[in-house]
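Let me begin by presenting the structure, written as structure tokens, before commenting on it.
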Amino acid sequence: MKLLLVNGNTTQAVTDRVVAEATRCAAPGTAITGVTARFGVSIVSAEAEDAIAGHAVLDALAAHVAAHDAAILAISFDTALQGARQIVPIPVVGMTEASLVTACLLGRRFGLISFGQSSRRMYLDLVERAGLSQRMVGLETIELSNSAAYLREGGQDPAVIAASSRLVAAGADAVVVAGAAVAGIAHRLRAQVSVPLLDGIACAVGQAEMLVRLGLHQAVATAPLTGGSATIGIDPALSQRLSR
Amino acid sequence: MKLLLVNGNTTQAVTDRVVAEATRCAAPGTAITGVTARFGVSIVSAEAEDAIAGHAVLDALAAHVAAHDAAILAISFDTALQGARQIVPIPVVGMTEASLVTACLLGRRFGLISFGQSSRRMYLDLVERAGLSQRMVGLETIELSNSAAYLREGGQDPAVIAASSRLVAAGADAVVVAGAAVAGIAHRLRAQVSVPLLDGIACAVGQAEMLVRLGLHQAVATAPLTGGSATIGIDPALSQRLSR
Amino acid sequence: MKLLLVNGNTTQAVTDRVVAEATRCAAPGTAITGVTARFGVSIVSAEAEDAIAGHAVLDALAAHVAAHDAAILAISFDTALQGARQIVPIPVVGMTEASLVTACLLGRRFGLISFGQSSRRMYLDLVERAGLSQRMVGLETIELSNSAAYLREGGQDPAVIAASSRLVAAGADAVVVAGAAVAGIAHRLRAQVSVPLLDGIACAVGQAEMLVRLGLHQAVATAPLTGGSATIGIDPALSQRLSR
Amino acid sequence: MKLLLVNGNTTQAVTDRVVAEATRCAAPGTAITGVTARFGVSIVSAEAEDAIAGHAVLDALAAHVAAHDAAILAISFDTALQGARQIVPIPVVGMTEASLVTACLLGRRFGLISFGQSSRRMYLDLVERAGLSQRMVGLETIELSNSAAYLREGGQDPAVIAASSRLVAAGADAVVVAGAAVAGIAHRLRAQVSVPLLDGIACAVGQAEMLVRLGLHQAVATAPLTGGSATIGIDPALSQRLSR
Amino acid sequence: MKLLLVNGNTTQAVTDRVVAEATRCAAPGTAITGVTARFGVSIVSAEAEDAIAGHAVLDALAAHVAAHDAAILAISFDTALQGARQIVPIPVVGMTEASLVTACLLGRRFGLISFGQSSRRMYLDLVERAGLSQRMVGLETIELSNSAAYLREGGQDPAVIAASSRLVAAGADAVVVAGAAVAGIAHRLRAQVSVPLLDGIACAVGQAEMLVRLGLHQAVATAPLTGGSATIGIDPALSQRLSR
Amino acid sequence: MKLLLVNGNTTQAVTDRVVAEATRCAAPGTAITGVTARFGVSIVSAEAEDAIAGHAVLDALAAHVAAHDAAILAISFDTALQGARQIVPIPVVGMTEASLVTACLLGRRFGLISFGQSSRRMYLDLVERAGLSQRMVGLETIELSNSAAYLREGGQDPAVIAASSRLVAAGADAVVVAGAAVAGIAHRLRAQVSVPLLDGIACAVGQAEMLVRLGLHQAVATAPLTGGSATIGIDPALSQRLSR
């Protein structure tokens, strides 16, 4: 089985980390490919940047999807998720949605941890859009001094453990840590949190593998999306996907 | 990996069918055990019957859970799901919740199909309790002439195909068929429905396997549930689980 | 008029207390009978225990309902309420739902007080299931050192008064105290709280008397619940109720 | 016990009918007084008219409340209910809210029947305001040729029976008929509907009696409502109630 | 263009202030008229008072509406807003609703500031009724020592600035200050708050001007509201409006 | 005053039409500029296309915003609205949100009309995201034979009139027609619909003019959005806006 991880940030180091974590937790026989957005910002943390990343995610997906069995959006806002599902005939899993629904299988209510005030509301919107607000006991946001700190592996560990404790006290049966750049944090800190700790990449890999094994993938529009209208100024691979 | 399927109905034929479907779709190396409720009604279809099944599910789970890696509630009301998670240290997956969250990974909104007017509201309550009402486009209920018709494999196929079409027309990106006794129906009819068709057992097996592989299982209360108070009149295995 | 109180806990002392409070506040001419669950745990405080109590409530109700005009579930999770309504032709009132709807008649928003963290979420679920979350300003949970403390009459009084004050400050027009074992606490503390203080048994008795006087009782399925399917391993009285 | 019924419509015939129905169903020893709005419109059926009725209800309540144990707003929009509770030290029950919460004690979901398209949305708003939309399966509105038809006793019976059937088919466990002018309709038609049929006055009387017997009444502001500010142009009795 | 401001409080000083602020911010060519309620209380701050104001608002509107292009309810509870729209053929804008929808055009979530605990819940109800609760991050209520303090221009400024900061910290993209008596406060303090600060009158004037310019006004019932039924005891101008 | 209309579709004819309608309804002294997306699809009607349009909208806005007083997103999905507000210091109004909030000022509930099944769910999501689902009575979707039909002025008129009637029957106090390509349709058909008919451009122009006149504009982040991280592969004007 071949899984494609699409990083909507332009930072190769994030791609490297999500690929490493996906490789660690994938089932035997699963091969992982990573691709980084061709354009946009290095670390998306605001709606304006995410709007650009939406285009970049589809662009990268269209260019690299061939020969894969499922795709994972390795950007924690699940950027352009519905759109991605419309242009490829394989399952597309959003890393954060995957972790939230997995958390739902582990108890009645989950807690969420994110990094940086600037993106806090984007996560609230994501959970609301996913229809899961009723099952969230709270969102803990860990402030960041700068991007570098965010990217330094292990740098957020104490704050995540503390935030998890607060969420458990508030009634969380499971805790989800959002963020592509912290991929693997749940695996590393699991023993230090009293309820299951999840992050996006591991859950997304598990869910994608399951969908492929069960032979499930979303329906793809049979009529051309564009209804016969032309595209201009976008990558030919993407243009072709839109007019299938 | 060993999975225990707990059928909260007292009908052995239903257990046989869910075990067969679980065996068909399980990953290589996964062994399936099935157990049938010791007491209750043959096919649960009303709240009164489900209340009895709640006890029967815990009773059977406590008696048979040893040496398994995860348990699946093979009764489509996810009967006693939260309670089951409190008494065993392995993941417990409800077959209907598993199918609903899997459907969420395949699109924006799902449709649901159930059998028999008497249980229709129980499914609405289940979806509401799962916090997923916002993602459901509709619940189609197929009337049953009698239990025998429900249990005859293939008997519901035309009605399910028709109901799926109505749900797709209403905007469903995926369709879930609820019911332990119809396990395997999604696999059998998939080619005849234009969006992904899911049922509970296959999704529950996939989700349970994923949770085990990722090393995730719900937190179990470390203090005795009963806070030192005694139990009377219940099976010793269950009593012991409650007073761990 | 004869009212049957069904205690889903196995503690006779709780039955004695709810019967005493019901007798105190019942109208002249109302006779009170109490029955205690035959099996289960002494004080239900977790979902697993409540699942067993569901069966025990129906078992006790079926065995003792004859010759009564209404039944009251004297267990504060309103355990098996919908199921109970399906098997007897008289009104069945849940003690907590009765107190919540009564509170709704006394103002715009109510506050709720419960005992023990382990059952906190069960009350949140109950309020949500009752569709009354919008009218609740908050749930105050009073921690318990042990069951004995909970059962000692008057032991919780100071904590309840303090919690009521917090709820009033948060905007509560009325305060409901949940818990079968504290039956009578509202009557005892009423003068010390600035808004109406309610508990379950008194409200349930009042509501049950009203339903009987108005000649109202829920519809009972005319067709057998089990659709012709057999029951096994349950009390004959309950089995008979299911197959009417 | 003395109950005051405040009719916010200016039609004496409506007052007569609600008093008759209240007298029929009240407990022995309960005395009923009725009062009709001094100003406004004959039958309120639009928001503009209801805004005037709000003043008229408080005006009549203030003038006649003395020596009563509870008040019932005998106008089916529960007009000025929160305000009424602020100015008198006895329970004030809205006839429609009383019937809705009573219906909640008889099953999981209720249906509602109202008269006249012009007021349909007012009932939807009332149910939403009461926080009970989740428990309503539907609102059936019976069109009226004219007010006279509405006031002719029995004139709406066939339409109400038909609407009840539709609501039961949609899943209603109980049906509430709204409208002061049709007081008694539930009692008259009960035998012809397969689930409990309720209307406002009977439920309001029952609930008011219960609140009085239990010694419950809403908290009344101890500080003057007007914070020291003057009133002008309103009835002295009402002015005095506001500046207590 | 001529705008009519209807003050539902009986305090002329409040009318003077809202007229002054409306005049300040109106477009060239817009003329402002103010009218004060003939009866009721000097400053409405509780539901009972608001119920009276509902009648007074319609009374004043009916008496003075002639020759105006739009009306503004210059009382911050948007008292009798739906009713007002039914009786006049010109747009009627509620000052608080106008400010809330304007805030929605300035960001994802708004914060609200109100004065006096007694009316706090009325604002929560207003926002809920407007269907905008999901977009509100919080309601800050500033306590008042007395009405005089509330009416002294500038007296609330420091508290409003502090409350705004708390709302911004909670995620507000814009802050709305409710209250007719503080009309102009947003204009005065705008420079001291880091997000847009709005109050009701300025927004209502802007929205009313826009509706008039676009030729939009709500539909007015063509049939008489009263369906042929009589009115008694109300102002002839209002009576005529009801029976058009 | 200068308003910039940003068309996220790549069709110049749509830009021409929205500019014409904006010019028609703008106040004297308002100048209108239109700009068309440089890349993407001719008519956006699916999430995948909208994801690309998000980037194109920001790209066009950044390149052309200089010297304007407010911007209007002339694409009916309000594409990238929150992001647009983050990168420019002037008000940004989404055409559909503007029409929905304007409709809220004209009555209790609105109806919505859109074109083409493929985008139906996108409008449901937009209304939900705007927090206004509670105020919508329904969404009528008019099927399109092809894009050309959609673009032919007047081609949709009979269908819009019929859909409006259905929405009014369902309780709509106002009807909103969504779609940039049909700009002006509300003005053209207003006389044929019994409640106010609105479309996006006219409302957006009115709202933008109002915000400018009142001196209101959303807060713009003072810190660079990108937190010091670089952008690559995007237009320099947009890159500069992100790193202000």
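In order of appearance the chains are A, B, C, D, E and F, and numbering begins at 1 in each one.
Rule of thumb we're sticking to: contacts are C-beta pairs under 8 Å (C-beta built on N, C-alpha and C of every residue); 3 or more make two chains touch, one makes a residue touch a chain.
Keep in mind that what you see is a predicted model, and the values were worked out from it rather than measured.
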- Message: Using only Cα atoms to place each chain's centre, name the chain farthest from chain B.
- Response: E
- Just give me the whole-number Å value for how far the CA centre of chain C lies from that of chain E. 45
- Take the average of all CA coordinates in chain A, do the same for chain B, and state the distance between these two points in whole angstrom. 28
- Note on the structure: Here the gap between chain C and chain F, centre to centre from mean Cα coordinates and rounded to Å, is 53
- Message: Residues of chain C that contact two or more other chains, please.
- Response: 82, 108, 125, 134
- Note on the structure: Chains touch in the following pairs A-B, A-C, A-E, A-F, B-C, B-D, B-F, C-D, C-E, D-E, D-F, E-F
- Seen from chain D, its contact residues with chain E in the complex are 10-11, 38-43, 45-52, 54-58, 79-80, 82-84, 86-87, 116, 118, 125, 129, 144, 146-147, 221, 225-234, 238, 241-242
- Query: Within the complex, which stretch of chain D touches chain C?
  - Reply: 25, 27, 82, 85, 91, 93, 97-98, 101-102, 104-108, 130-135, 173-174, 190, 194-196, 198, 202-203, 206-207, 209-211, 213-219
- Which residues of chain B touch chain D in the complex? 120-121, 125, 128
- Contact residues on chain E for chain A in the complex? 108-109, 134, 171
